[in-house]
Structures are given as C-alpha cells and as structure tokens.
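Reading through the structure tokens given below for one structure.
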Amino acid sequence: MPSVKPIEYDEASPAVRAVYDDIMQTRKIKWINNFWKVLANDAVTLRRTWESAKEIMAPGALDVLTKEMIYLAVSVTNGCEYCTASHTAAARKAGMSDAMLGELMAVVGMANETNRLSNGYRVPVDPAFEPKF
Amino acid sequence: MPSVKPIEYDEASPAVRAVYDDIMQTRKIKWINNFWKVLANDAVTLRRTWESAKEIMAPGALDVLTKEMIYLAVSVTNGCEYCTASHTAAARKAGMSDAMLGELMAVVGMANETNRLSNGYRVPVDPAFEPKF
Amino acid sequence: MPSVKPIEYDEASPAVRAVYDDIMQTRKIKWINNFWKVLANDAVTLRRTWESAKEIMAPGALDVLTKEMIYLAVSVTNGCEYCTASHTAAARKAGMSDAMLGELMAVVGMANETNRLSNGYRVPVDPAFEPKF
Amino acid sequence: MPSVKPIEYDEASPAVRAVYDDIMQTRKIKWINNFWKVLANDAVTLRRTWESAKEIMAPGALDVLTKEMIYLAVSVTNGCEYCTASHTAAARKAGMSDAMLGELMAVVGMANETNRLSNGYRVPVDPAFEPKF
Amino acid sequence: MPSVKPIEYDEASPAVRAVYDDIMQTRKIKWINNFWKVLANDAVTLRRTWESAKEIMAPGALDVLTKEMIYLAVSVTNGCEYCTASHTAAARKAGMSDAMLGELMAVVGMANETNRLSNGYRVPVDPAFEPKF
Amino acid sequence: MPSVKPIEYDEASPAVRAVYDDIMQTRKIKWINNFWKVLANDAVTLRRTWESAKEIMAPGALDVLTKEMIYLAVSVTNGCEYCTASHTAAARKAGMSDAMLGELMAVVGMANETNRLSNGYRVPVDPAFEPKF
C-alpha cells in the first residue's frame, strides 16, 4: 500500500492536471501510471521530476530503446520492483525483444558479479584506463 | 593495495597463461589488466569468469557498445571505481562519444532517483505493466 | 512469510517478555510490532538491538523527528519495505507533515542521483572539503 | 582521476558560466567545486541538476540543516566518498555540531543494520503501519 | 508476477531439459524451482549460470553449509527476497540451525552498520591491514 | 582523510581508554585500529559498538572464522574498502587460506549476480521455500 493516496485526474489540482496532460500527450497514451499519481501529492516534485524525465529520456546521442535499457539495468541492480516492472514494459514498447532482454539481464548479472570481485580484491585501476586530457 | 599479488604473464602457470593468451587474442591487445592478474590467484575463477565474459559480451541481439554501456551503468550504480574506470574506457573504445557518456550518466542518475521515489512511497505496480502470457 | 515464527507475548520467555515490556513502556504503546516478534527467536539479538535502538533514538543533540527522518531516508535508499513503512509511521507520529515527507523524499531522490553522478565521473574531493585538525 | 576534464570558469562557455555565476551568488561563495566543473562537460545536465538542487535544498517545510543531514545520511549509505566529504562540510556550515554528526552516524548505522534484519527475516509489514486514506 | 513465462519441464526444449535433468540429479531432488524455470527463457544464460553454480557451490576449501551461509548473507544485504527465501531453505537443508541463523543475521546486521560508520567517517585503512607480498 | 580526528590512546578520556584497553585485551593485541580511533570522537557510540562487536563476533553456534567470512562477504558486497581490508586481515588471522578466500569471493560474486537475475525477472518465491511453523 502506498504511503500517500494516489491522486486521480478528476480530483487533481490544475497544476497537477497540467502535468498529467503533458505526460499523456508526450507519450501518446490515455492513462497515468501510479508513480505520477503518488508523486502528485507533492506538486513541485511532480513537475520537476516529469520535466527532468522528459528532457533526459528524449532521443539524443542515445536512442530511446538504449536509454530504457540503461534505466532497466539500474532498476534491476537497485532491486526496485516498481521500476523494474515499468521499465521492462517501456523497453519492450521501445522495441526490446526477448533475446535483448535476456542479454541485458546477463550483462547486468555479470557486472554485479565482477563489481564485487574488483572491490573484494581491491584491484587498482590500470594507468591505461585513465583518460588523457 | 590489492588483497592478493597480481600474477604477471612470466610467472603464471600454464593454465593461467592460456587464459591470458585467449584474452589478448580475443580483444586484439598485448597486455592484461589488473582484474585478471588478481583473479589469476584462483585459476578456476579466472577461467570461469573469462569464459562467461567472452560469452556474455560478444555481439548478439545487443551490440558491443550497448552492452558496455549497460555494464558501465551498473558499475556506476554500485560505486565500483575499478569497473567504472575500465568500462568507461571499454565503452569509449566501442564508440561511446562524450555526448553519449553524458546522456548515459543522466539516465543512470535519474533512474537512481526515481528508484528511491518509487520504493520510498511504496508505489504499487500498475496492472498494465504486468506481462501477458 | 517470515523466516521464523513471530513470538507473541503470551508464549514468550521471561527474557523476551522483559524486552517487550520495556518497549511498550518506553514507547507508551500497548502492542509489539512484527520486527521485535521475529527477532525474539534470538533473545540475545532482541535485547541488544532494543537497547541500541533505545539509546540511539532518544532525543539528544538531534530531536526524535530528525532522527526518524534520517532513519527513513536510509531505509528508502536501501529499499527496505518494512522499515520504510514502519519509519514513515514513526516519523509521522513524531510530527512529520505531508509537506515534510515530500521534501524528505525529494532530498533522498536527489542525493541518490548525485551520488551516482559523482561516482560515475570519479569526481575528486576538493581540498576545501577536507576537515582541518 | 575524473572521467572527463573539469572545466574552469575561464574556459567555460557562456551557458556554463551562467550556471557557475548562479551557484556562487546563491551560495554566497567565490569558487566552484569539482562536481559542477566535471558536470559542465554536459551543459544540459549541469543546468538541470543545479536548478533541481537549488529548488530541493532551499528552506521549506524542512530547514537547510535537516536537508543537508538527510543528504549526508543517503551519501554515507551509498558509500559515495565525494558526496560524504562535500555534504559533511555543507552540513557543518549549516550548523551541524560534532555531537550532531555523531548521532547522525549512529542512526545511519543502526538503520542499515535493522534494514537487513527486517529483510533477512522477511518481516511482514504490520497493518498498524499502513496509512489510512 | 515474473517478467517472462516460467518454462515447465514438459514444454522445455531438449537443451533446457538437459539442464533441468542435471539440476535434479546433482541436487537429488525431483522438481525445478522458479529461478531456473524463468531463466530457461534464455537457454544460454540458463546453462552458463547452472554450470557456474555447480562449480562454485560444490564442497572445496569451504564446505557447502559455509557457502550457503555466505550466499544468504549477500542476498540479505542486497534485499533480494527470492534469494533470501531460497538460500535460507538451502542453508537449513545443509545443516544451519536456528541458532546459526540467528548469529548469521547478527553478523550481517553489524557488518552493514560498521560498513557505513567506516565509509561515513572516511576511515583510512591501517597499514597493518595491508597484505605483505 | 577522515571526517574527524582519530584519537590516540595518550590523548583519550578515561571512558575511551577503558574501551581501548578492553579491545586490546580481548583481541590480545597491542594497538588500536583507525576505526575505533575515529569512533572515539563519540564515546557513547564507541562503547556501544565495541560491546556489540564483542558479543556478536564471539564464538557461538558459528565459529570465529565463519563469522569473519560472513562479515567480509557483506563488506565486499557493500563496497566498503576499510571493512574489506580489515576483515580480510581478520579472516586470515582466524585461519582463512588463499583457497578459502578464492571460494568466498566466487560465492559472493555469484550471489550478487543471481540476486539481480531474480529481482530483474521478478521471480516469485516457490511455496516449497516457505518455512513450516
């Protein structure tokens, strides 16, 4: 059960509704997912978080699918169930196939493994990996 | 300082040398980085980890650059400095530009933020995000 | 389902009951929450954990509300659902308003974001941040 | 060594300089710390992150000291050395005494301990902790 | 609900069945747990992960019980509910008593606490702890 | 550099000295490591943490070596460098061989990997893993 009551469109303030409208228009969908409905209890954070998401997740040097897969990899690593479920769905919508999901999960698993082998043995950074500038 | 002595090629056992040779040949390089030299103290783990890495990081449904960026995103999230340095270098070698690094970091940052907003408010997974099968 | 059977007051040993009594008296409540009932399977850990909690969470240089909000911020960061639920309740009881919860969550989210930006770019600590002594 | 070259004021673009100027004016200081200098390689992220920080860390329902202590608690939990150093300094500047730091660290330590006891024993959330709405 | 459909023995491909057969024979059991059934959607990862598990968890310099308790300690620290449940069961099967579980959890809790005290105060590694080689 | 000045024996208060004396006597050593010297800035936390450590790490249902290896596994998972260095040394002192360290690290690595595969695919707990009571 969420810590605060999710706010439905019909009961939302004009400021919250404006964000909801922009989410639905930007994503070309007709519903609002629970994350935003819960965040709407703090209208300032709702607006800022949505504006950030819109800017960060737009296609740029990286395409939308790549960004969604990175988002999913982080969410899986942190054990956030909501984010894992929502960004698995978002990545699939952006084109992630079953085979891509399988490979993504294999990379995430291995990175989590070698992160601990590196930290556990206190491996020093090779000078060759340091950037030149 | 590492927990165990890194093993150089010249002092390595034949089993370790065989792995070192395969790493250099597969990656078309002429040196071995500290991660493998430290892991070489446990020849079984060295071989298994390398075989896994070779299988997981090969191009497949995802290309090498995408895999390296996912690896980097996980390493950054876990705060593994060695892996962050080595996979930043690997991703650059695979074609990651400055602009791509900037966008990757922005996505990693935002995912870490919203993972906590979701967990912190205990947001329930929307039925629409559940897979159909 | 918990890993071990929660121990109710009526079936508890005298040592466990003594801790339960102290919890109820210290907190001025008439029930014991699941955390302590589960921990009661290991009476030594129950007693030590309760004694530590009583000492650490008492008002001192920091007031109870501030301590509860710090506890909540850590629990959210670690993704501990039980602790998030129980310390949200405890912080509210100590005076946390909806607005304070919203600001706390915003700070927790941003700290998790910039922690990764700092680690991800391997930002060196500024000499000005080092303590003088 | 950072992954990208820190950008000094004198070599910064007008867009980056504008952010640097706003940081110095808002904080009433005459220097820029490494976090922003590194982030300046991605001017969009620099601007967005600074605008978010300015909005989130301003006094509101929570005062600046409380916000800085929450920021520090998260950074310590995540093991971010840069953020731990910088927000220890920031919290001290906002009024955190040695005694307050000691109590903050004790709470952070205990929360990390009981987060694992709760997750490790899979303690179910008590109905009394669920919000009413 | 899992992200992908668990694959039952009867509907599995020959490659997946071969792994299932080896799991049941190695562990002397007659069923397959959900972890493998879900992983079976990616036959390559299923095979590799099982081969690694078989090699890593076999008795060696450490006995099976010690290995299972280490596995559990990590799973508890990461907040992985599935792994906590399955490795609590596995450790019990390998001989972990209630008293041993209680002590394991106490050590895990304390390590998580002191990890943050050490990182939070930025304690420098004592030269005496560095290895000699 | 630590956040607070490490307190040497000669400059310590009687309360801190009493803890230092007990540490040295209990461990049969003639020096105090940095963790305690830093913690000594908060004499209450120093005393409580040491009393907890003495109780938790004493031989019981689990021997000292097993406890030290569990401590190390947690510290490696959390990426705490100080704790990784100090508990690698402590585990070696308690009898951990190179082969045991290698196997411990392999288990820690694999647990971190499968924790993410389980969370990432949202694998449901098998009823057979639930405890009977």
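Which chain is which? They are A, B, C, D, E and F, in the order written, and residues in each are numbered from 1.
Convention: a residue touches a chain if its C-beta (ideal position, glycine included) is under 8 Å from a C-beta of that chain, and two chains touch if they have at least 3 such contacts.
Remember, it's a predicted structure, so these values are computed and weren't measured experimentally.
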Partner chains shared by chain A and chain D (touch criterion as defined above): B, C, E, F
Required minimum of steps from chain A to chain F, each step between chains that touch: 1
Any chain in contact with chain A as well as chain B: C, D, E, F
Classification of the chain A:chain E interface as same or different, half of numbers criterion: different
Furthest chain, CA centroid comparison against chain D: E
Chain of greatest Cα-centre distance to chain A: F
Separation of mean Cα positions, chain D and chain C [Å, integer]: 20
CA centroid of chain C to CA centroid of chain E, Å: 27
Where chain B touches two or more other chains, by residue: 1-4, 44-45, 48-49, 52, 56, 77-81, 84-85, 88, 99, 102-103, 105-106, 108-110, 112-117, 119-122, 130-131
Pairwise touch network: line, ring, star, complete, or other: complete
Chain B-touching residues of chain E, taken from the complex the two chains share: 1-5, 44, 48, 52, 55-56, 130-131, 133
Of chain F, residues touching chain B in the complex: 79, 84-85, 88, 98-99, 101-103, 105-106, 109
Residues of chain D touching chain B in the complex: 3-4, 41-42, 44-45, 48-49, 78-80
Residues of chain A defined as touching chain B within the complex: 1-4, 31, 33-35, 38-39, 45, 49, 52-53, 56-57, 60-62, 66-67, 69-71, 73-75, 77-78, 80-83, 85-89, 97, 99-100, 102-104, 106-108, 110-126, 128-131
Contacting residues of chain C [partner chain B, same complex]: 72, 76-77, 79, 81, 84-85, 105, 108-110, 112-117, 119-122
